[in-house]
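What follows is a group of structures, each given as structure tokens.
After this come two complexes, each holding subunit A, first together with subunit B and then together with subunit C.
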Partner chain A sequence: MSARVQDMSPLPIVANLDDEGLAQYEANYTSRFKVWAEVLERNVENIHRGSYSLHWMNTDKANWGKRAKPSSRGMTYTDINRIRGYGEVPDKAEWFNFAPRGAVREPYRHEMPVIEEYTVVDKGELWADNIITLYEEAKARQWNATRDIPWNELEALPDDLEKATCQLCTFLTEIEFAAGDFPAKWMYRIPQDFLEVKSFLATQIMDEARHQEVFRKRAIAGGGLLHAAPGFEWALTSILNAPTHTMGTFLLNLLGEGLVLSIFRSGEMIAKTHVDKEIFRRCLQDEARHVSYGVLEFKNYLDTHPNRAAAEEQMHRFCDIGEQVVLSAFVEPALIEPIAILLGGGLKKIDEGMGGVAHMWRMFIQEYLQRCKAAGFDRSARCTIPTEFPWGAAA
Partner chain B sequence: MSAVREEQRETLAFPHVAWFEALARLMNVNRARQEQLGYIDCSVVFTVSDGSADKLPRHFKVSFEEFEAVDVREVDAAAALAADFGLEASLATWRKMIESIAAGGGRPALDQTLNYLSHMGTPLTLVAADPLQSDLYYRYNQSLQEFVNASAAFDTEFPLGR
Partner chain C sequence: MAKADKGYFYIDQTCIGCGACEHACPGKVDAIARVEDDFLGRFVVDEQDCINCGVCIPLCPVLCIHDARADGLLEGSGGYRAIAELQAWAAAR
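Right, the complex of A and B next:
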């Protein structure tokens, strides 16, 4: 063996993060969580003694006895929230564990763990007046990307149209991953007392999973996935990086999904097969629910904020950046060119299609500003995205 | 057999409240399909901008609740505004769409879907007072498409010469 090889220092030992994490977990439960050990010990002793507790049958402090009745739709959250003790959504959450809202939980508070990750504690940061309606609707309107799309009717398209369709699907697959990660990230920060919001976010995550699934399938069934793009990635990352739940929800649900809703509607219009029409129509329904949540969540945030003027100004500052970063997706050639080809009817008619893109741009900005206004936020004078598509403006 | 079926097909005039009532009936009979598609909770006004004999607008309001069309009526312009949203087009546009649905056996041509016709604001116009109401059109789009697709189950007769 040469001296050179012998003198080489050994490769650094890669820290085994699983071992470290496991060691921490062991330490917590063997020495740190003393209350947990006491609870366990007490209950094990009871088991050994053969002693019943039956304390849970005491209804003195329970919201017990009035039974919820289903409405014509079945048993909705609205139906059970009518029962006293269950429907009061706190303005500020005080329970940072899994104890259900409306259960007898106060006597056990001192023995319960605190989940420090629950940081979105104000109702004003997450509630929307339509949340229960949207949740019920989301459950009722679920669909299956494997079964509900007539895949066997998919027809081969001319090469330019197929590539444009597959590129559009590649873009949509890319963005739907982030649209699922965002609610997942924040759902984990929301305490259980806001169960209606957590439930709705769970449906949004499912919707986004299905969207990435259906567009991935469509692309691969039509030739394959094509190009990812840095502009998309920066736009998506800005959503994940949003400093608060409301800011991120504004960026994702109101602005971003408003844009995607426009793209889905355009997708349905420019679809060259009945299969694609069905895909876009199904997706746009889901997307419109997410947009609806975004508008009313934002409205609730502003309406309940103790200093509305300051809140609005902060949102304007956020939008100054957010709009520009989301714009970085909408000016990617990997998005606007395939749309223009599909709108025009082929690569040779891409210039005609750009006229359609300009219309879509104008419509998207108008709808974005209208949604802001519906939430009580006038962005029209400060919007940083040009209201007209600046195609060829420098030529 | 097919000749017998042909004879049994109903013919309904458009635009007329009976035409929309037939769609509502078909929707409600086909409840299993609606349960697959999910709730639809909105009121929609279908406006034929030159639908009357003297080419004035006619408005047909359809109220949807849960899985059903619960009410169909012809309304005046003021009442039309009370709906969640409206879909407005000329008789020629509606006719082309309805004939396309019939020719496709319940599925319109690619350029004759509700969204296709309304997306650019013309020839079918989505009318809503605010974006939350116009979003209802998108939230229930598949159900609304299938609502009008059901017109393939009967024959439609249009005003002479129009």
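Right, the complex of A and C next:
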């Protein structure tokens, strides 16, 4: 029967390979599947002989016998991590397959597949000390964009305010797509030994899916989606293309989602209907978790880096570029003009509303610098974004 | 039976509402809760229930949880106070 595995042909691949590349691909395929075939053959023989194995009942090398007890909150990761053998998160992952942390896996190492895409192997590149509590909070605060928003109560707005709201929702939808793609991209690169981080990233992906859903629905319920923002899309692309997980998390969670958090925290002033206020209020809770992970992940990265000074300098250089993501947002007319109209109270009061945008700009910069400071990274003297809104500065 | 001492830990107004502290608080203590009807979703420590364990403090991303014995009562400082300026601007219009 194992011949079935050995004789299987590699799946067709989309990429065009030359003869040499194709031969290498087929050789890798054959090599990988050889072990699978051997294990399969052994197991098939046992079945044919009617022979039991029962090796899995041997607890000599298992962390067997100590039962996890739930706390009054239920059974959390913290509760099960208290049991010896399960809660030791390695500084560097060595298992690049699906064998669970704390299971008996060493005897099978040589027969295990290797997931080559698991490239984020250092705890310093992904851990945050609040990751477990943020995961619990995320599960407790999930909401449903279909039923939890009082869509039937959406009030009609004057045309200018409705267009501004729909444009803001269009812009936010673009952001949320990128904000979902980023953790999805990196989650697949994180080995299973960091299961707490993978679990949290899964909630972040769900949060972002719900956010793009709710803003898309709000726009289409109020008139429709309006204009995409090409300038800002380049900034979003730079988040996805960040060279490391920590750099990308800094860009997305600390900087980008920080900006979005600032917008949502201003939702009481920006939103013109109680339905919109409810949307902002709910999204705000989700974004706060993402920002929280971003800050403490960055703090953990710096605190555990063997050469902190070098790591900080590298991050400063990265920030010189990364901060342009936020600048790209704050100079984007598809964002600041609708916000100014909403803050001002109409198109005729857009100039007044720009005063509010100036406050938001200042607020964002201060919040961003505080996040950096909380992570142990003083960016105040090197921040490339003007601390004051330069509206009309050249006039 | 009521606890003899009140808790000393408190959350200042710069809380962003991420909730990391809420689930860090030992389950039987459960001294941290969301402020009712607060748009910003901030949290508060119930001083009657807090046991001063301090587990929540290092999990806060904005350093808004304090020990009143060490710091005294603070309103909170830093960036997250800046929204008060926007709120004042909006209220004045």
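Just so it is clear, the second predicted complex is superposed on the first by the 361 of 395 C-alpha atoms of A that agree within 3 Å, B and C clash if a C-alpha of one lies under 4 Å from a C-alpha of the other, contacts with A are read in each partner's own complex, and residues count from 1 in each chain.
Keep this in mind: a residue touches a chain if its C-beta (ideal position, glycine included) is under 8 Å from a C-beta of that chain, and two chains touch if they have at least 3 such contacts.
The structure presented is a predicted model; accordingly, all values stated were derived computationally and were not measured.
Undergrad: Quick check on the superposition: with subunit A as the shared anchor, is it clash or fit for subunit B versus subunit C?
TA: clash
Undergrad: Of the two partner chains, subunit B (first) and subunit C (second), which one does A:Gln285 touch, if any: first, second, both, or neither?
TA: both
Undergrad: Is A:Thr76 touching anything from subunit B or subunit C once the two structures are fitted on A? First, second, both or neither.
TA: second
Undergrad: If we overlay the two complexes on their shared chain A, which of subunit B and subunit C does A:Leu261 touch? Say first, second, both or neither.
TA: both
Undergrad: Specify the partner with more touching residues on subunit A, choosing between subunit B and subunit C.
TA: Result: the larger residue contact count on subunit A belongs to C.
Undergrad: Which partner does A:Asp129 reach: the first (subunit B), the second (subunit C), both, or neither?
TA: The second partner, subunit C, only.
Undergrad: So, does A:Leu343 touch the first partner subunit B, the second partner subunit C, both, or neither?
TA: It touches subunit C, and subunit B stays clear.
Undergrad: Just to be sure I read the superposition right, which of the two partners does A:Gln370 touch: subunit B = first, subunit C = second, or both, or neither?
TA: In the superposed model, A:Gln370 contacts both subunit B and subunit C.
Undergrad: Check the residue A:Gln142 against both partner chains and state whether it touches subunit B (first), subunit C (second), both, or neither.
TA: First partner only, subunit B.
Undergrad: Touch test for A:Gly355: subunit B only (first), subunit C only (second), both, or neither?
TA: After superposing on A, A:Gly355 lies in contact with subunit C but is clear of subunit B.
Undergrad: Using the touch definition from the top, say if A:Lys272 reaches subunit B (first), subunit C (second), both or neither.
TA: first
Undergrad: For subunit A, which residues belong to both interfaces, subunit B and subunit C?
TA: 72-73, 133, 136-137, 140-141, 261, 265-266, 268-269, 277, 281, 284-285, 288-289, 291-292, 295-296, 356, 359, 363, 367, 370-371, 374
Undergrad: Which residues of subunit A touch subunit C in their complex?
TA: For this pair, the touching residues of subunit A are 71-73, 76, 129-130, 132-134, 136-137, 140-141, 261, 265-269, 277, 281, 284-285, 288-289, 291-292, 294-296, 343, 345, 352, 355-356, 359-360, 362-363, 365-371, 373-374.
Undergrad: Report the residues of subunit B in contact with subunit A in the complex, numbered from low to high.
TA: 37-39, 41, 66, 107, 110, 113, 115-116, 119-121, 130-132, 135-136, 138-142, 145
Undergrad: Which residues of subunit A touch subunit B once you look at their complex with the stated criterion?
TA: Within the complex, subunit A contacts subunit B at residues 72-73, 133, 136-137, 140-142, 261, 265-266, 268-269, 271-274, 277, 281-282, 284-285, 287-289, 291-292, 295-296, 356, 359, 363, 367, 370-371, 374.
Undergrad: In the complex, go through subunit C and note every residue touching subunit A.
TA: Its residues touching subunit A are 16-24, 26-28, 30, 39-41, 58-63, 78-83, 85-87, 89-90, 93.
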